[in-house]
Structure formats: C-alpha cells, structure tokens
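As written, the chains take the letters A, B, C and D, and residue 1 is the first residue of each chain.
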Amino acid sequence: MSTAPDTPDTRAIAPAALSGTHKTSGLGLRPARILLYVLLVFFCLYYLLPLYVMVVNSLKPLGEITAGGMMALPKDWTLAPWGSAWSSAQVGVEATGLRPYFLNSIIMVVPAVACSTLVGALNGYVLTKWTFKGATILFGLLLFGCFIPFQMVLIPMARMLGLMGLAGSVPGLIFVHFVYGIGFSTLYFRNYYAAFPTELVKAAQIDGAGFFRIFWRILLPSSGPIAVVCVIWQFTNIWNDFLFGASFSDFDSQPMTVALNNLVQSSTGVKEYNVHFAGAIMAALPTLLVYIVAGRYFVRGLMAGSVKG
Amino acid sequence: MASSLATLQVGELEMSYLDTAPARGSVADRLRDALPKLVLSPTVAIVAVFVYGFIAFTLYLSFTDSRILPSFGWVGWQNYENLFRIRAWDTAVSNLVIFGVLYIAVCCALGLLLAILLDQRIRAEGFIRTVYLYPMALSFIVTGVAWKWFLDPGIGLQAVVQGWGWTGFEFNWIKDRNMAIYTIVIAAVWQTSGFVMAMFLAGLRGIDSEMLKAAQIDGASTFALYRRIVIPQLRPAFMSAFVVLAHMAIKSYDLVIALTGGGPGTATELPATFMYSYTFTRNQMGIGAASAVIMLMTIAAIIVPYLWSELREKKA
Amino acid sequence: MGFLDIKQATKSYGPVQVLHETNISIEEGEFLVLVGPSGCGKSTLLNMIAGLEDITTGEIAIRGRNMNGIKPADRNIAMVFQSYALYPNMTVGGNISFGMEMHGIPKPEREKRIAQVADLLQISHLLDRKPGQLSGGQRQRVAMGRALVREPDVFLFDEPLSNLDAKLRVDMRTEIKKLHQKLGTTIVYVTHDQIEALTLSTRIAVMYGGYVQQLGTPKEIYDNPANMFVAGFMGSPSMNLFPAKVVEDGGRPAAEVSLADGKRAAIPFANGTLASSIGRDIILGIRPEAITDKDGADRNSSSVHLVEAPVEVTEPAGSDTFVVSQISGKDVTGRFRADVPVTAGETFKFAFNMEKAVAFDPKSENRIA
Amino acid sequence: MRNLTKMMVSAAALFVASTSVQAEDVEVLHWWTSGGEAAALNVLKEDLESQGIGWQDMPVAGGGGSQAMTVLRARVTSGNPPTAVQMLGFDILDWANEGALADLNIQAGLEGWDDVVPEALQKFAKHDGKWVSAPVNVHSTNWVWANKAILDELGIAVPANWDEFVAALDKVKAAGKTPIAHGGQAWQDATVFDAVAMATGGPEFYQKAFIELDEDALGSDTMKEAFDRMAVIRSHVDDNFSGRDWNLATAMVINGDAAFQMMGDWAKGEFLNAGKVPDQDFLCFRFPGTQEQVTFNADQFAMFAQGPEVGKEQAALATAILSPSFQSAFNVVKGSVPARTDVSDEAFDACGKKGMADLKAAAASGNLYGSMAHGHANPAAIKNAMYDVITAHFNGEYDSQTAVEELVTAVQINK
C-alpha cells in the first residue's frame, strides 16, 4: 500500500470505537464536523417541535390560542394553566385537577412493572440456563403474544377479571398489565441472559446454590442494565396506557391517562387547550424523568442485551 | 502453613456431613428437578389463556351474530363476507401496508443515521440522546394534538413558513386524502425513531474496535467502513428493531385517533382503528372479530417466519 | 475400589453417543489429567463427575458413594473453570465465601478460612476488589481460592490455564503442582495441552472421539503409547511415525525403510522385538530425542544404530538443533546437540536408539511392539 | 372489596326488609368532563348527597361517548356494571334489549313523565312500554351560529331558505372572509348533512330515509339534491377544515374570521365563554328551511339493573334528574334545553329561550325528529356507515350520484 491510511485521529467521521481516547480540540474544525453538528441540531429541532408547541401553549391564556397564535411565543406569560391542570381543572364532576390520579397511576404502575420485570427475569433465566425440550418453541409462542392487539382482548379480559373477582380493582389492572407485559420483559431478559456466562451458573451450582439462590445472588445483581431497559419499556407502556386503564378501573382507581383524556377529550364542552397541554406535560413528567435519569443506562442496557443475538 | 492445613482438614469433615444429599428420586429431589418448569408454568398458563385462549374466543366470535355483546348464534362466514364488502376495510389494509413498510423503513434508516451521527464522539451526547429519545415517553393522547396543529396548514408549519415570506410554500398533507397517511408516518417516526436510534447506538458501541482498525488499514473509506463492516454487524439490532417496530405498527391506534381520527374521510383508517370502531362504536362485534382474526393472521404470516428463523439460528 | 471410580460410564445426547463406555479409578491424592483435542469428550466427562451433566449409563462414585443423581453441591467437589466464572457482582472475598455461605458455614469460620486460603494463594490484598479489577493471573488465583476453601474431596479443573499468556501459564502450572504436593488433594484436570498433562499428572487419560485411548502414568503414556493417536498427540515435537517393513538382517529383525536418496536402510530392532513378524508392514514410531547425532546418543542404550541419510532442513533451537530427513516419504526429526556441524543438503549419520522405538499396526493403529 | 361491601349491604337490606331505606352510593359513568358540563352535573351530585346518597364519579371522555360505551361493555362483561350510565339514543334501546336496564316505570308514573317529555324523545327512553332511562336534556342540532358583526357589515339578513343562504354565503366569500367555519370530522359533516337533508326533502323525507331507512327515499333524487347542496357548502368552507375540532371552527366565527357555523346548541358555550352575548355579538337561528323542525339528540341516564327492582338510589337519581329545578339549572349551563317541556325558561338566555320555544312547538306539531348525525335516527352501525358515505362525499371522494348509491349499499350491509 503506497498511501498511508488516515489515522483515526484525523478522521472527521468515524465510529467512536475508532477514535480511542481522542477528543476533537474544538468545534467546526472541518466542514464534515460542521455538517455533523448541523444535522444533529436539525434533528433536535424535529424532535423538540411538538414539545415546543405543547410548552408554549401551556404558558399562554386561552384567548391567545383561539385567536390563532398557536405557534407563537406567549405575549402574556402565565402559569395559571399549570395550576389549573394540577389541582383545579374539571376532569369529572369535581374540579380536582390531575393531582389525585397521580397516586392511582403510581399504585398501579409500580407493582405492575415490578411483577412483569421480575417474572420476565425469571422466565429469561429458565429459558437460557435451564433449557428443556420445547423451550424455544415456548418462547416463540410467548413472543407472539406481544403482537396481540389490545382492543381485541378487551371483552374476554373483562369476563376473566369478573370471574377472578378482580373486576374494577387496582389488582385487576395490575394483573392485566402484568399479563401483557411478560412477553417483552421475557424477551429482554432472555436475550441478556443468553450472553451471560453459563459457567457462572455451574460454578454456583457446585458452590451449592439452588435454582432461586443462583438467580438472586448471581444473575439478578448483574442484570442492572437490562433491568433498566425493561423497566423503562414497561413503565412507559403501562403509564401511558389508556384502554385498559379506562376499561378495567373503577371510579376510585382511574389512572392518570384516563383523567388526562377526560381533561382533553370533552366533546361538547369548552376546550381549554392551554390547560390540556399543561396537563399533558404533567402526565408525561414521570416517564420523562425516567428517560432523563436512566437514559444513559438505557443505551448501555440495550448494548448489553437486547440487540445482541 | 501446616497448622492452617490441619484446620482445613477439620473443616472438610464438617462440610462433607453438612449436606447429606437426599435419597435419589425423593419428592424433594423431583421437585428440585421440576423447579425451572414450575417457575415457568404460571407464565405458560397465563399466555395459554390470555393470549391463545382469547384468540380462540375471537375466532369463535367472528362466526357469530354478536353485536353489542358476545352472543353465540352461528352465522358461518357472513361476517367475513360483509367485512370484504366494506370499503373502509380495504383502505385500512392497504394503509397498514403503506404505513407499516414506510414506518419501519424510515425508523430504521433515521435511527441508523442518528446513531452514526451520535457515535462520532460529539459534545453533549447525553443531552442530544435524551432529546431524540423523549418522544417515546409521551402518550399520543396529547402529543397528537400538538402534531395535528403543527401539520395543519392553517396554523402550523405552512402558515409559519408563509408568514416568513415564502408564500408559495405548501404543506397540507394532513388535509389531503392521498397524503394524510404519510403524516401519520411522520408523527409515528417522531415517536419511535429515537428508540431505534438507541438500539443501533448500542449495536455500534458493541462492535469490536480492532476489526474497524483492521478495515481502516485495509484502506476502507468511511463510507465503505460503514457499509461493508459496521452495518452488516448490526443485524441483531435490526432484528430487534424490527420486532419492536412491527409490533407498534400493527397496534397503532392512539396515533391515528389523535392525529386524523381516521380522516380525511376514511383515508387514514388502519386495521386497529377499524376493528375498534366496528367492535365498539358500531356495535358490530362479529365483523370486528372477523377483522381481528384477519389482522392476527397477517401478523402471524410476517412474524412467525421471522421468529422461526431467528430462534432456529440461535439454537444452532 | 478407588477414591474416585468411573464405572462403565457413558453419555449420549439423543442418538449421539459423545462418551463411550469409560472406566477410570483413581486413588486419593492422585492428579488425573484428561487430555485430548477439543470434542474428545474430556469436558463432558468432567461435567459428569461434577454432576453438571447427567450420566446416561454407568456409575460415578466418590469415596465409594454413588454420585448418580446427586446434585453438584452435595458431591463435595470444587471446580475451577476455564473462564474462572467469578461472580462479577461480588468482591473477591464474596466469591470465595459464597460456597461456604451456601453450605451454612458460620461467618467467623468462613472468615478464618478465607484468610487462610488468601494467604496461601497470596491474594489477601485483593479480597475487597471486584473480579473486573483483577488481572488474568489474579483471577486464576481467586478461582482456585474459591475451590480450595471448600476443602472438597475432589478438585475439578476445566482448562484453567488456557486463558493465560504463555509465561504466566508456566508459572501457574508450577504453582498448581506445588499446591497439589502441599495439600495432597485429589484432582481431575482437563486440558488440551499435552505438556500440562505430562508435567502435572500422576496419571493421564488420553481421550479421542469419545473413547479413553490410554490411561496410564505420564511415563507409560510417553514411552509406550497404546496407539498412533496417543503417540502423535503426546510429546513435542511429536513422535516420528513412518512406514517400515520388518525384515531379517543379520539374523535379527530389522526395520527396512527407504531414504531420500533412494537408498534403503535396515535398522535392527532391540532385543529381537518382532522376531515373529518378518515380512510384516508396520508403522515405526520413534521420538525425536531417540534420533541423534552419533556422539549425542544415549550411552546406556545397547541398541543404537547409525543410518546415513541426506539432511533436508536444520532448525537450530538454542539448546538443540532439530534435523529433518525424509524417511519412507515422511519428515523425520532428530534432536541433535546444538554444536553439531550439520548442513542441509549433505548426508549425515543419524543415530537411532532402537530401545525407544515402538511399532504400530498400520490398520488398527495399535501398538504391536 | 367494594363488591363485598355491596353484597353485605344488600344482604343486610334484605334482612331488614323493605321498611328500611338503606341508601347506597351511585356510581355514574359519564363523559361530561369539561368545565361547564361537569359543573352542571355537580348540581345533581349535590342534590343526591343532600339525600344521603354518595356519588362515585366515573368519567370517561372521548369520541362523543363512544369511549365510555366501550368501558361500559367491559364493565358489564366483567359483572361490575356502574349504577347509572350516561347514554344516547339507540345505545339505550340496545342495552334494554339485552335486559340490562332497570325499570323506572314506578317513578315515571308517580311523576308523570309521560306527559311532560316529548313523544319523540320517549321513543329512546322507553322500551316495551317501560321507562328505562331518565332524559337530562335535549340538544337540537339544526342550529346555525353567525357572527353578527359580519352580517351587519355586509347587510345580510338571517336567511330564510336555501337560496338566501347561498346568496349570503357568496356575499361573505366576496368580502374575503370564510363563509362557513367547519370542522372536517365525520360527525360534523353528518351534522351539517342532517340539516341540509331536512331542509331539502322536508320532514317526511327525513323520516323515510333516515328513520325508516326506506331504500327508495335513500336512493331518491332528493337525496342526490341534498348531496349536491353539500357540495355547495363544501365550496364555501376554507381549505383547512379537515380534522378541525368543532370548537376551533366556533372560534373562527367568534373571532370574525368566518360568518357561519352549523353546529348543535353546545356551540353556544364557546360564545358565552368568550364573553359574547346572544343577539348582540352572535346570532342563533335554525338552518334555513328547517325553521319548523327540530332535530335533536338527548343525553339520558340509564340505570343498570342490580336486582328485580330498581335500587333506591337509582330511583332517587332518576327523580332528581327529572326534577324541574335540575333540568333548568343543568341546561342553562350546558346550552341545551330541558327534556321536559314544562320547565320555566326564566333562567335561560335568548338562544336558550328560543330553543325551548322551538322544542315545545316542534313536539306539539310532530316536527321533532331524532338526529341521524347524533345517533337518534338509526342504530350505530348504520349511522357510522352513513358517516362514511357523507364524509367521503364531502371530501370529494364520491360524486353525488355515487354517494347516493353508496348510501343505499351501506344501509343494506348494516341493516
């Protein structure tokens, strides 16, 4: 080879893995890097635009919105819509705001996420470290369950909940989310544990640890990254679910999304868009928080498990 | 050392009598052997009832005269015959094809692009990554409204750009029956491409850097490096992304309801909205069930071969 | 009845038999090495002893107690894995302690034993670290410490040195040997490295294709390989194997071979070996160190014979020079003293120590003499 | 837990026999969640609470009540129906057919509902001669809302017939304003179509086509004419109508961007909320050509049967709903008019008074018709099938002839 290849350091665009510990000394050294940042910022705008619309409109009086200035910044900044959405907006007969529903959602989401994650982890453990004949087919069947449209299961699920005595109760709601969360959580953990050294399990067996002990002491403590992925996934899905929340809850257990929907979806009433947007952002805050806090572990978790064979 | 060895020996005696194994074939022993399957069995039972049982139930309903509630008068294939006479169903199915293909393709392409861009040791990576990821956290009940406004030519992008002086600018897809489905794609891509980006980013970070160095020494250009070395190695990430995206495409419901309500006309109807509307708002549970069965069969036709190839391969 | 008895043990996965009937019996304090190329069944056999894999037929007993169906934890064994299998989430101390904890040993006792073992293996300063912070050699020691602290009846080692670099491997090999001598425990050790097998073991089972090809002391295996596989597998450089014909030469049986220059040579066997097989085709096996220059030949041997043959290649290796010639169409290596003046292309006198020669049947590949 | 309590309470009630009035709480499933209407419902809640009956609120908004109907089905299937449910038109009859609703005849008899509730409305409140639901209000849907300033400026009088209306529209268009503010959602398209069809073919045609589903009427030239008029309206709508919420369309009228909107009486709330005064800032009048008629939809509360007899608390709720004071208080806020025609109009504004008078007159003259667009003319399956056709035509997918043919087919498939 006559011409020496570029060294990693001089490349404008190259996988991070190539660049080693090198850091570019400043912005805009090369046209390619300028282009890179332009693209990144452009896509940031794409992702932030709807949020911009929501935030901006949640901070202006309703008059400004209906007068047509939906994209503009508020002329008259106000936090009143936020206060209203939190504690005084009408989401039912009583003007309670979204506040009481937060608790309902949390009571439902936390156990549902915990159960489906834990059971998913156990399933993944069995399916990779204690395999048996037909385990693969079983897993396939389990995974196919992820694709069942929820609208379809509404009526039979209602019947089953009735038979189990869980109709219109928080445990019933938790159960439903648990049932339809298992598929994905098993998928995540199975793929993660498949890459987990089987020798460790053997070593623990020889050390005298039993089935559960190995799980608790050896696998689970090393499952942090994938647990983050699974929790984020389940939390987001369950927190944002409306269909099950509306159908299987009772007057005293309606989750956040149902309240938000009630706030937003009135058909023949006055629509207070500013309050709607404030409520929407508020309702999304827990999930946003999860993403922001756990975001960096998220990629790491995906890396450790679910995208590998 | 000798003394310490002596104590070790004593310890050994203790240990070997500590856990005398139960006699072979005892109940406890058999329980121990069956434990993994026992642990799995609740899941198996749940899936058998709540997935496959319900599928069977729906299949049965699709042959009955159920209207407002399930009823059990057998009507044979009538619901299916009616289903295929309904224009909106054709629209829904062809929309799903357009939507599904575009959505998966664009999400993958954009996700990959963003992942590659983010993988350049850039500044503020954490922040940008969060920006790309956050839409996944939001429910479409309301982001749908924001999108609806943004896409609305009267108040959204078109109005703003025209307000800047480019009066010829047009972006009224959401009002156009032939283009509206693409606005659904735009919003759907917005929601999930960040997630796909994270998957690809994870894939990129997992590639052995020595291999990349080797390829560089072989004289590969950046483009060739990605096309020939990096992207082929992202196959598992593509596969995972496919499962997640396919599952979302098929279940897309909130999105359509919030953005277009299936309109203009029935131009953006999808099978999920069709099924919901026939089962619940139109009191045609039989037809709804028939559409659900067709939907499931379509899903199975796509997913089962994929699962088959993936799982078989892993076994080998 | 030995300390560890493997009686007619077999292993099958469905219709595929991966381990054919195997009988091995070793005494307390023995160091048994299972050696063979990958896929020979050695790791399967080890896992069967550990109880990590079921035994299809036959029996494995430790201290006379039948182990079939007994779970690994109750066999009073310990195992060191190729990847060390250190629990990544626990400290070194935690790793070593885990097994004792599982067996309900009280904490003060555990701590005492950890301290002893750590001291023995010189890892006391590492006890609070996580495995991820250790070097390969340190991990190796921790893995051994984890096994040692259990004070088991039998230690099982599954290729424990294969992840180390060459120098460290040699050091650890010595370390293991010392430990064995010091503690006198019974060890079953799996490796594909025949040098490890020869240096460490008191007995070796050479395995190939799911069969134990030969079970014996290192010396038996080295000097009297049961078949051509064992002969070729054990020793480095490996034993020279080349076709020959048994002829009568001066009233004594001799091996007739062809040389590279077209000449033929007859090399008499020692002590009239194969006297009854005149005219038979054989494969002659002779180790490189039994083919030397004339002055380097073993003086105690009564059966050294000189053969003049063309030299093809010389490979000076510092302490020795390996000299290659073609005999009966095969490359045959001799081990000459370093300072012997030998050049490629010339003919030279090779001294064959026929006391060390063995003969195999070309068809069955088994040793006939 | 709650069910257990319920069982125990009802068991206790049985023992004490009917002498003891053990009032329970009512769980009410409804979709009135926005400020005004929810506040209006609060009147009912307080009324019941003063009688010692607790109100358990179960609001599920969305899709004009269809979301709540989905939830209702899940609740009923799971054996845990709410005590009372807000319902519309044919849904009530469908559930009554399932035998799920409680018989309110005793209360109706005691309070003389038969005499004060218009007959056209009774059709949806009675099943097999039994009252099964308590009507709360009557919305009339053939209203036109107009910006008075624009009309005054352009010298437009309230149009009395189709031609005048078209002339007015053209005038507005010429002045550079949007003639009609419209939201392109199926139900809004259908709301307009309702009025247009009524005006085009008259009440008998409307009765035959939409209520009796007579195929000749559905496929008639009159129907084609109605579709043609829809096309005219389409040409007076701005380009961005598609998917717009009705209240944003109302805002266009309020802000003076558009002259007219055809929408039910709930639009009034938007005007009032924006501080506008009827007859001063905005006008309300019947769609030209339907001055005599009222197309309506009515919100009612049906009681889910919990035993052979209607529950005490359900009876109390039904009585409270039909009480003139609640009817007045609620409808003043909601923008609709009372379901009983004998309520004083004192508390109502100009449009409300007009609405009440219209309803009374229409009920007396047999000009009160259930609105097709709002599920009071035919069952949900057919209604939605008609939506599909009307929307497809309004969006230019079908021409008028095709639309007529498709309308017939749609009815055939779903009948």
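Definition applied: a residue touches a chain if its C-beta (ideal position, glycine included) is under 8 Å from a C-beta of that chain, and two chains touch if they have at least 3 such contacts.
The shown structure was predicted, so the numbers you read here are calculated from the model rather than taken from an experiment.
Student: Which chains make contact with chain B and with chain C at once?
Tutor: A
Student: Of all the other chains, whose mean CA position lies farthest from chain A?
Tutor: When every chain centre is compared against chain A, the largest gap points to C.
Student: By C-alpha centroid distance to the whole-protein centroid, which chain wins?
Tutor: B
Student: Counting in whole Å, what is the centre-to-centre distance of chain B and chain D, each centre being its mean C-alpha position?
Tutor: Measuring from centre to centre gives 39 Å for this pair.
Student: How many angstrom lie between the CA centroids of chain A and chain C, rounded to a whole number?
Tutor: Distance between chain centres, rounded to whole Å: 55 Å.
Student: Could you give the separation in Å between the centres of chain A and chain B, each centre being the mean of its C-alpha atoms?
Tutor: One centre to the other, that is 13 Å.
Student: Using the touch rule from the top of the page, what residues of chain D touch 2 or more other chains?
Tutor: Each of 63, 70, 73, 76-77 in chain D touches at least two other chains.
Student: So which stretches of chain C touch two or more other chains?
Tutor: 71, 73-74, 103, 150
Student: For chain A, write out the residues touching at least two other chains, lowest number first.
Tutor: Answer for chain A, listing residues that touch two or more other chains: 68, 154-155, 157, 208, 210, 261, 264-265.
Student: Which residues of chain A touch chain D in the complex?
Tutor: Residues 63, 66-68, 89-95, 154-155, 157-159, 161-162, 165, 167-169, 246-248, 250-252, 254, 258, 261-272 of chain A touch chain D in their complex.
Student: For chain D, which residues count as touching chain B in their complex?
Tutor: 63, 66, 69-70, 73, 76-77, 94-95, 98, 184-186, 238-244, 379-381, 384-385, 388, 391-392, 394-397, 409, 413-414
Student: Would you mind writing out the residues of chain A in touch with chain C in their complex?
Tutor: Against chain C, the touching part of chain A is residues 197, 199-200, 202-210, 213, 217-218, 221-222.
Student: Can you list the residues on chain C that touch chain A in the complex?
Tutor: So the residues of chain C in touch with chain A come to 47, 50-52, 71-74, 77-79, 81-83, 85-90, 98-99, 102-103, 146, 150.
Student: What does chain D use to touch chain A in their complex?
Tutor: 1-3, 27-28, 31-39, 41-42, 45, 55-65, 67, 70-71, 73-80, 82, 139, 245, 247-248, 251, 254-255, 257, 264, 266, 269-270, 273-274, 334-335
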